[in-house]
Each structure stands twice: as structure tokens, then as C-alpha cells.
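Here come two complexes built around chain A, the first alongside chain B, the second alongside chain C.
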Partner chain A sequence: MEDERSFSDICGGRLALQRRYYSPSCREFCLRCPRLSLRSLTAVTCTVWLAAYGLFTLCENSMILSAAIFITLLGLLGYLHFVKIDQETLLIIDSLGIQMTSSYASGKESTTFIEMGKVKDIVINEAIYMQKVIYYLCILLKDPVEPHGIAQVVPVFQSAKPRLDCLIEVYRSCQEILAHQKATSTSP
Partner chain B sequence: GSAVLFLVHSAPGKMVENSLLPGRAIYDFVLLLSSQSGFILYLVWAFIPESWLNSLGLTYWPQKHWTVALPLHLLITIVIGYVLLFRINMMSTPSLNSICTITDNYAKNQQPKKYQEVAIPALRVISTSEVNQMLFLAAKDLYTKN
Partner chain C sequence: MVLKAFFPTCCVSVDSGLLVGRWVPEHSSAVVLAVLHFPFIPIQVKQLLAQVRQASEVGVAVLGTWCHCRQEPEESLGRFLEGLGAVFPHEPWLQLCRERGGTLWSCEVTHRQAPTDPSAPGEDQVMLIFYDQRQVLLSQLHPPTVLPDRQAGATPASTGGLAAVFDTVARSEVLFRSDRFDEGPVRLSHWQSEGVEASILAELARRASGPVCLLLASLLSLVSAVGACRVFKLWPLSFVGSKLSTCEQLRHRLEHLTLIFSTRKAENSAQLMRKANTVASVLLDVALGLTLLSWLHGRSRIGHLADALVPVADHVAEELQHLLQWLMGAPAGLKMNRALDQVLGRFFLYHIHLWISYIHLMSPFIEHILWHVGLSACLGLTVALSLLSDIIALLTFHIYCFYVYGARLYCLKIHGLSSLWRLFRGKKWNVLRQRVDSCSYDLDQLFIGTLLFTILLFLLPTTALYYLVFTLLRLLVVAVQGLIHLLVDLINSLPLYSLGLRLCRPYRLAAGVKFRVLQHEAGRPLRLLMQINPLPYSRVMHTYRLPSCGCHPKDSWGALCRKLFFGELIYPWRQRGDKQD
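Entry: the complex of A and B
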């Protein structure tokens, strides 16, 4: 069963949340960020090339212009491959664990898996980020030494940064699965 | 002097105000005299040529270079101070994946307090999981309207 809704992120950009219910114990949430816009791309390219042309008129060295072209191309490729995340996915399987996938604009995908034995809870936390206070979803990991302690905090949807309404949807679905998992794990 | 007068005008009903004590007025006057004489001394040092000062017999002055350098240093220090303070604030905010945003030593070590029937429950730190359940699971329509 698939479900798609649109939300907005903390800066006001549009996000699309796609929820897939594979079974009562397995769900997937897919957040799609807006693609690299032509406007920002042309703005950055024009700024860099104008600056390079300004330097060229000062120095009369034509290497600056070709260097500017190279820098723009390499910078764009590096940005698409290492920085720009197109889609972030959170897959929860009841008895197995939680998997987070980030797909970059160049096609690269990076995946993190946390097994269910380590997961204490999934909560919505507030923290100061730059000059704002934002809500973000995070996974709390159990402390092997202390039964009620928290060893680590793993934030989810780091680059999409959705707002509270989107986070509440994901939080409720995750809590259903965690409650289901606690019920089945405590029963003999 | 003018600061003292402003305070007196703004609160006429008070019986004994700090600014009406004679001690304050004396401090104020001493500060006024010293700052004005310091400023005149600075102007004398900066503008009157070396030869005239030497002819008067006052020979042990710092170099005139410092009349321009000192205010400039002060100005740059203030500007860098703004930038530095902002940067130090940014760096000391805990990052999103730090444990400081969830709990700290006080919350971990707090003793469970006895529940009394009639009294207000004692103040204590509630864990994030409980707060989340109360806010987002129990109250269904509170946050979804925006």
C-alpha cells in the first residue's frame, strides 16, 4: 500500500513524503528533496565567471578563464556527488532493524543499518541548529552497560529536515511498529 | 551629570534612590572631570607639534604614531570581538547527534521522589520518550492543524 503527501522543510522548500506499508511489521518512508534548480545553477555559474572575467581584465592572463571553467565543472560534479541528497529513505522491519538510505544526485547511495536489539526508541527531539530551534527525528540507541541509559543519538532525515507535521506522521508509524515489536518480544 | 538628572526625573515618587545619595554624585563628577581632561590631553598629544612641547619642557611623550594606531586597534578589536563571540557561540552549541540534547548527568542521577496524594508532584526531569508519547501520540489534533 502506497501513500504520497507533500510537506515543507524548515527553509520552506517542498518535500514529498512517500509511505509504503509492506506489512504490519514493515514500513518504508521516502522523503524526496527538490532537485537542483536551474536558477541557482545559473546564478552561481554567472557569479564565478564574472569574477574570473574581472580578474582577467586586471591580470591579462587567459589561464584564469579556463581555470574558472574547470572549477565550475568540477565544483558542480563534486556537489552532485558528495553534497546534494535527492532522496532519504527510512525502512523499519519489526524484528530485524532500521535501515537509512541517502541517494545523492549523481546516483550514489549510502546506507546505514541499525539492528533492532540496539534501538531503544525513536523520538522527536528539539535542538538549536544555526540560528533556529528545529524539530528532528532521531533514533536512541541502548547502552550495553546501563539498562535505562542512552549510548548514542542518531538523527534521521538530516539533509531533508522536514517540519513537525511530517515528523509526527513518521513518528506515529514508527511507534506503532515499536509497540508491536515490544509486545511480540515480551510475550514468551 | 546629565545621567544623574535623568534618573531623578524619571522616578519622582521614590523615597531614597541610589542616584540621590551624595556619594554617587561625587563619583559621577570625578568621572566627568577625568574623562574630559583625558580627552583634552589626548588632543594636545595628537595635534601640538613636538617642537612646541619640547620647548615647554615636556619631552617624555610616546610617539605620535600611537595617536592614530591606538583608536584603530580598539576599533578593530571591537569588530573582531563581535565576530569572535558569534563564532564561539556557534561552536559551543551541541550538534544534533550529541547526547547533551537528550539527557545530562543531573537527569541520570536524580533520585525517584515519593508520590504524595494531596501535594503537587515534585519537580523532576521526564525522559524524552515519555514526553514524546504524551505530546504526539495522546493529543492527536494538537499539532496537525498547522
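Entry: the complex of A and C
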């Protein structure tokens, strides 16, 4: 069962949340971030090339121009491969674990899987980010030594940064699965 | 809890049969290792499973039945399969079925006893997780989870379910040893059933490595015995040996070679990787060294180098003389104390004169020395670089001497000044109590003390300037040596084998797993594909770094600045086992 809704992130950009309900024990949430805007790309390229042309008129060395082109290309490729995240996915499977995938604009995917045995809870937390106070969804991991302690806090949707209304949707679905998992787990 | 059935991808298209594997009750997961085909005799199956259980210490059992219907589902087969549940009692009993078309899967779980927990949902949910058996067998999870309990079937509940799956598949190698060409009593399907993987080269290497290792290990023990003999422990040789980085590097390499050729087998995978990385590092070193050797000895480059060396040393000495002349005049417009200036300047100039005469004395032998030093590159690039670093240290010995003279003078002056400053204020350093106490001095003590204080204070700029200039020169030389040491360290500690493995066989080094949901139909069990998530390169470097020589700076930046201010001598590179000065 698929469902798509439109939300906004903390800066006002448009996000699309796609929910897939595979079975009572498996759900997937896919957040698509706004694409690379042509305007910012043109602006950066123009600044770099204008600066290179300015240096060229000073130094009369044509290597500067080719170096500027090279730097722009490499910079763009590096940005697309290492920085620009297109889509973030959260897959929650009852009694198996939680998987977070980030897909970059160049197609690279980076995945983290956390086993259900290590997950204590999923909560919405408040944080101070630059000059704003934002909400973010995070997974709390159990501490092996202390039964009521928390070893680590893993934030979810770090680069999409959706607002509270989107987070509440995801939070509700996840809590349903976690509640079901806690009810049927064999260990106390 | 949802029941998880781990099914190997190699068995997806095989004929019907029995599911053989291990049941992990704590995580409610069934790990299917192989499919046993019809016809079979139940007694033989039970015997085989008992043998496998004993050999691998894994609780393999018959978990259920596998039915692959290519045409219409047969009624008789269905009832036959149900009857098998009585022959091989296992709780719970799985019945996996793949219907025609290939995408319709079904899985039924039957419990013999009634569920003990009344609040558990009536129908068990089942999840099918497909895994690549070969990759899971060969891969290694990081961080490695230690499973202390190796009894058949027992797994501590605190370990993750996935670690248990990996462990089960890895330990059941004995089950995968037979393939379909073997004439055995039963016919199994697993990842090696099309033919056992083996390599002739690997087998030959294994056979040859025994005697070769023995021979080389005895040779190396001879070399280390020679190196450890009493002659080298006597004072001049031991001092020289501890100061030269070449000796340290040679010792390090000898340790590495002893590790590689030791006849003891590696106990766990970490030690095996360490050995492999050491071999790769030594091979790279020797290859780079031989390249350097061929470059140096071709086209009489050594002659050119030797010809260039003496003029360069002369030039450096000349520059130093110019510098001292400049200091003896009015450097940067500062007014120096003429007498002290002349004394220090003349002293250092004479020192340079001695040094230049020494270099000129050595000049006929330089080419021969360089030629023999160049030969040492065949031992490895790191040895050649360490030799280069030592040669630089020897050639700039005069700069080191100047630095020591300047530092000692400055240090003396600073201590004198601080002590006399305390006298000026009427205080004294109490050695017993390690603190500053007030003290009443006599008039003549005060008079002489103030006089000396004034003299030292007005001579301070001159000494400080000499100290500053020579410290900067010394720091420059130390920086160059430091760069060379960094390069040597890099070659020593780079885990090439692990990086190559991560590049070419990424499934061998696993940071974890990742799941992909396969096409899902309503009413059918959920199907997932489990793939290996390879370790990122940064973690590979961090986990498998070889231990380096340990020559990194011991002082923090703050401590270094403090030492420089007070004129204490700095030795940035402390080798292991050096006495503190």
C-alpha cells in the first residue's frame, strides 16, 4: 500500500514523504529532498569563472582558465557524490531492525542497519540548530552495561530535516510497530 | 515474535526436498543451510546430521520441507510432505513452497504443542530472508562479536540475531564439503553443490610454505641472535644504534619478517590479516626500493649526486657565514652588545670553518659511500629513506651544535635572570619546600645581585637573538627529518592487503547488512533480500593499521612552546626505549 504526501522542511523547501506499508510488520518511509536548483549552480559557476577571468587579465596565463574549468567540474562531481542527498529512507521491520538509507545525487547509497535488540525507543527530540530550535526524530540505543541507560542517540532524516507534522506521521507508525514488537518479544 | 526464515539464494530453484539447518529459538529464526533431495533413507539422513553436529558443533537438524512445484501442485506430494513431519520431529515445522511462475511463495508453520503464551497472536507471521551463502560464509563482521559458548545450539541471547546467522553459516563448512559429483548416501543442494571451490596455486603454496617458512625462520633467528650479541650492547655502539633511525627501521623490519615466516599458524582472522598486511607492506617496500636502486645506479646518477653534494655543503656553510656576519653587525636594525656579539660570532665562525675542512677531507670518499648506501635500497625504500634522514642529520650536525650552544647559553641566562629577579624583590627559592619565600639579604649581597641582574638583562637581547636564529634553523632541519619519518611510517603501517580486499572483494569485510524488500503480494509472507554492507575505507584503515615504530612527537604544542621559551633542549623524536634526558 503506497501513500504520498507533501511536507516542508525547516528552511521552507518542499519535501515529499512516500509511505509504503508492506505488511503489519514492515513499513518504509521515503523522504525526497528538493533537487539541485539550476539557479544556484549557475550562480556558483559564474562567480568562479569571473574570478578566474579576473586573475587571467592580471597574470596573462591561460592555465588559470583551464584550471578554473577543471575545478568547477571536479567540485560539481564531488558535491553530487559526497554532499547532495536526494532521498532518505527509513525501513522498519518488526523483530529484525531499522534500516536507514541515504541516496546521493550521483546514485551512491549509504546504508546503516540497527538490530531490534539494540533499539530502546524512537522519540522526537528538540535541538538548537544555528539560530533555530528544531524537532528531529531519533533512535535511542540500549546500553549493554546499564539496563535503563542510553548508549547512543542516532538521528534520522538528518539532511532532509522535515518539520514536526511530518515527524509525527513517521513517529506514530514506528511506535505501532515497536509496541507490537515489545508485546511479542521473548526476552523481558 | 515474527518467525524469520533465512533461505540461501542458491537453493531457490532446486527440486523439492527437506530443509536442513539450524533453529535459533532466542531470535525465533530458522537458518536454512541446505536442501536434501528425494529419495533418501531417514536413518542415513539422521546419521549424516549427527556427524555434522559433532564435527562443526552447530545444532543442525531437519527444519521442514521445501516444495518447488513446476506444474500444477500435486496432492500426493503435499500429503507426503506432511507425513515427513512425523519422521523428523522438529518444533516448529516449516513448510516452504514455491509455486509455478516463480514469484508466488508461501510458508506455513506448524507447532506441535499449543503455544504457552496465551496472549500471543494466533497466527504466526513468517518473514523470508534470502541470503547469498558464499558471501555470508566468507565475510567477517566488524566489530567481531565473540561467541563464547560453542556448545551445539547454545547462543547467548545478548548477541545479535545476525551475528548468530553469520556464525552458523561459517561454522557449517563441513556440510558444504560434498558436491553433486560425490557418490554419497544423500544428495544435498548448497552453494558448493555444483562443484567444490579450490585453487591449485593455493594448494601448492600451502604445501611449499611449510619447509620454506622453516628455513627462513631459522635464518632470521640466526640474524637476530647476531644482532643481540654482547658487542652491540657496549656503550659507543648502543648509543649510536639508538640515535640512528636506520637501525630502528631495520629492527622493525626484522620483527615483521619474523612474524611472516613464523611456523605458528594464525589463530584468528585478525592475526591472519596482520600477517597478510605485513607481507604486502614488505613487498611494496622492496619493490619501491628496487625501483629507486635501478634509477640511482643507471646513467651514473650517483656520480652526479656526489659531485653536487660538496658544493651544496659549501654553499650552506657560506650562507651560514653570511648570516653570522649579519648578526654581528646590526641585524634588523637592533643594536647588539658589541663585545658579546663579536665573541659569539667568532666562535660560531670558527666552528663552521672546522666543519667545512672536515667536509673537504671527506670529499674523495663521498662517491663510494653513496654507492654503498644506494645498495641498501634493495632492503626496502624505508631503509633508504631512514638512511637519508640520518645523512641529513649528520650533514647538519653543525646546526645542531650551534643550537645546543645557543640554547644552553640562553637557558643559563634565563635561570640566572629569574633567580636574580627574585633577589631584586627580596625573595628566594626554597628548595626544601619547593616554593618562593621571602628572605632578608645583606647589603653587599643585594648590591652584587642587582649589578649582575642588570648585566644579564642588558645582554639578553644578543643571546636571545642568536638563540632564536639557531632554533629556527634547527626546527627547519627537524621538520625535514619529520617529513621523511612520516613517509616511512606511512609505508610501514599502511594495510595494503585489507585495502585491496575492500576494493576487490567488498563482501569479505562487512560492517553490517542491508535489506531490500522484494516484490510483495498481499497474503503472502514478506520476502527480503539480505546483502552485505561493506566496511567504509576509513574504518578499514583504522582497524587494520599495522603498529608503527612509535616515533611521533611526545610533546604537545603547548609544552613545546614552553620548552622553547625557557631554552630547554627539544628532542621531538623519541624512539622506544630511549632514556629521558
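Observations on the model:
Definition applied: the second predicted complex is superposed on the first by the 185 of 188 C-alpha atoms of A that agree within 3 Å, B and C clash if a C-alpha of one lies under 4 Å from a C-alpha of the other, contacts with A are read in each partner's own complex, and residues count from 1 in each chain.
To be clear about the criterion, contacts are C-beta pairs under 8 Å (C-beta built on N, C-alpha and C of every residue); 3 or more make two chains touch, one makes a residue touch a chain.
For clarity, every value in this text was computed on a predicted model and none was experimentally measured.
In the superposition on chain A, A:144 makes contact with chain C only, not with chain B. In the superposition on chain A, contact of A:184 is made with chain C only, not with chain B.
Touch criterion met: A:136 reaches chain B, while chain C stays clear of it. Using the contact criterion defined above for the overlaid structures, shared-chain residue A:24 touches chain C, although it does not reach chain B. In the superposition on chain A, A:66 makes contact with neither chain B nor chain C. In the superposed pair of complexes, A:165 makes contact with chain B only, with no contact to chain C. In the superposition on chain A, contact is made by A:91 with chain C only, not with chain B. Looking at chain A, you'll find no residue that touches chain B in one structure and chain C in the other.
Every residue of chain A that touches chain B in the complex is listed here, in rising order: 120-121, 123-130, 136, 138, 140, 149-150, 152-155, 158, 164-165, 168, 171-172, 175.
The part of chain A that touches chain C in the complex is made up of residues 20, 22-26, 28, 91, 93-96, 99, 101, 111-113, 115, 117-118, 144, 181, 183-187. Within the complex formed with chain A, the chain C residues making contact are 1-2, 4, 25-28, 119-121, 125, 127, 129, 157-158, 160-162, 512-515, 517, 520, 526, 528, 533.
Of all residues in chain B, only 90, 93-94, 96-99, 101-103, 108, 128-129, 132-133, 136-137, 143-144, 146 touch chain A in the complex they form.
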